[in-house]
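Two complexes come next, and they have one chain in common, subunit A, joined by subunit B in the first and subunit C in the second.
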Partner chain A sequence: MKASLTMKLWLIQRLSGMLLGLFVVIHLVTMIVTIQGGVTAREMLDHTSGNWLVGAFYSVFAIAAAVHGSIGLRTVAQEVVGWRGGSLNVVIGGFCILLSVLGLSAVKGLVL
Partner chain B sequence: MRANYDKKEYWASFAQRWSGVVLALFLPAHFMVLSLSLQGEQALDGFLHWADTPLVKIAEAGLVVLLTIHLLGGFRILLIEFLSWGEWQSWMITVTAGGAFACGCLFLLRAF
Partner chain C sequence: MVNQQETVSVSIWRGDEAGEFESYTVPLIAEQTILDLLTSIQRNIDPSLSYRFACRVGMCGSCAMQVNGKPRWTCRTLVRKVVRDNELRLEPLPNLPVVKDLVVDMETFFDKWQDAKGRFEPGDSVVREFSPITPDDPERKLADEAIECINCGCCYAACDVVAANGDYLGPAALNRAWSLVNDARDDAHIERLRAVSGDGGCQNCHTNAQCFARCPLQLNPTKSIAGLKKKAAMAMLRGKL
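What follows is the complex of A and B.
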């Protein structure tokens, strides 16, 4: 059972990592291009408000980052601190939900 | 177990792990700042104005470096895990370090 969960999380970590690889390249290029001359809220919102493509992109991006980051933190907690078992899974699950909600709330603020 | 401090693979693994931890712990703050737009343009502009200082820009460049390390280092891990080993893969550590340094410099050049 434990090995099966570890295997599933390993696979989800790799698949979300592949997806994030593509998203992060786009995010890095966007950041480096737009940072020149400073960024104002108006400039950001002009590009994002009502743009459903941006909304969909960043929604998937935020959830993939939440899942990938949470699984990574779980592994580090196990290997570095030696924290294992149900309590770790509950805390990591809570962190993943918190990150997803915060990420989607950020997308809502920028797109809607 | 003795750590191989003199091996570049040890430091690649170290950088991959801890860049991921820093990025995962940074994400809630990142999402909360972007969510400020829910309170209106002025709230987000207030933060962007505060962030428009050399120290914050240098910190942001640090995050760009960590993100690029994690991106290229993650790509290296996928190559190792999903392809058969080729000596050329050992170059990925150099590519990761060089790419992260280049992205950080590019960000700083555009930010200032």
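What follows is the complex of A and C.
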């Protein structure tokens, strides 16, 4: 017998949560340090444009947020609405992909 | 001592799931327990009132019910401690089917103990070397914290996750599994970790700690479940689950 899907999702949510905790701190500290003395959106984009380190950081950030949030939404749907089974997994999977695509398109705007 | 001037209005659930509250006015006796009060109503007012009890001294765990909205042992709950504005409300334990009045069907509760492998597994082979377990053994101490449960169902009734997810094994069964996971003489640790990490397993716990808040023995099933989560996660990462 293999570990259940909910146990795997629970572990993925915990690991993505740890990642998000770290990334949120890095993001906030970077923002606070960067805006000292004022900065325009143009200047900000000049810094991030072509910066692959920023691109990689925010890509992982966006995917972790999409995965973490989708798994949480699945639990809410099960416990609050009583929605279970394959249809829920398909919809949540689609929602996770949608969030990832939206997040990555924002990263694309920042870096490319 | 009966104070003739004071009475208490007791609303008691009557009937099955589709029942309703009935109100009884009885003398307020400060040192009476809720169980004494129920016995008094059954003997003097309504012999058809059903409720469950056995030991009357907090050892058997059979008299638990919802007293003013919280699960309690009625044999260890004094009327004066819980009465509010001379009113009391007694209901069957939530999260379990009502049989009649204050009696619930505990079958699901005990089935989940079995589902969580809440029984000692001695292994198939003859024991050649007996594992010594000293009182200060770290695992023995963890098992000690969980082992005094008497299956009253208060934690199960108080659990929000059980209310939202009928498949969830619940705090009592998982607490029992935790005591066995820490037993060096048990031979089914991985099977038990699998059993408690299924779809209704330990990972469903929201860590609200209602089980801890409501346990009459002050056991901490939330802590036991956190221990199971950690052990199951480590086993899964090592590919053993």
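FYI, the second predicted complex is superposed on the first by the 98 of 112 C-alpha atoms of A that agree within 3 Å, B and C clash if a C-alpha of one lies under 4 Å from a C-alpha of the other, contacts with A are read in each partner's own complex, and residues count from 1 in each chain.
The rule is short, and it goes like this: a contact is a pair of C-beta atoms (placed from the backbone, for glycine too) under 8 Å apart; a residue touches a chain by one contact, two chains touch by 3 or more.
Everything numeric here is computed off the predicted structure, so don't read it as measured data.
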**Prompt:** Where does A:R14 make contact in the superposed view: on subunit B (first), on subunit C (second), on both, or on neither?
**Reply:** both
**Prompt:** Counting only touches as set out at the top, which of subunit B and subunit C does A:G69 meet: first, second, both, neither?
**Reply:** first
**Message:** So in the superposed three-chain picture, is A:Q78 touching just subunit B, just subunit C, both, or none of them (first/second/both/neither)?
**Reply:** second
**Asked** Which residues of subunit A are in contact with subunit B in one complex and with subunit C in the other?
**Response** 14
**Prompt:** Which positions of subunit A touch subunit C when the two form their complex?
**Reply:** 1-8, 10-11, 14, 78-80
**Complete:** The residues of subunit A that touch subunit B in their complex are 14, 17-18, 20-21, 24-25, 28, 31-33, 35-36, 38-42, 44-45, 62, 65-66, 69-70, 72-73, 76, 98-99, 102-103, 105-106, 108-110
**In the complex with subunit A, residue positions of subunit B that touch it** = 17, 20-21, 23-24, 27-28, 30-32, 34-38, 41-42, 44-45, 48, 52, 64, 67-68, 71, 74-75, 78, 81, 103, 106-107, 110-111
**Message:** Quick check on the complex: what are the subunit C residues that touch subunit A?
**Reply:** 161, 164-165, 194, 197-199, 201, 203-204, 229, 232-233, 236-237, 241
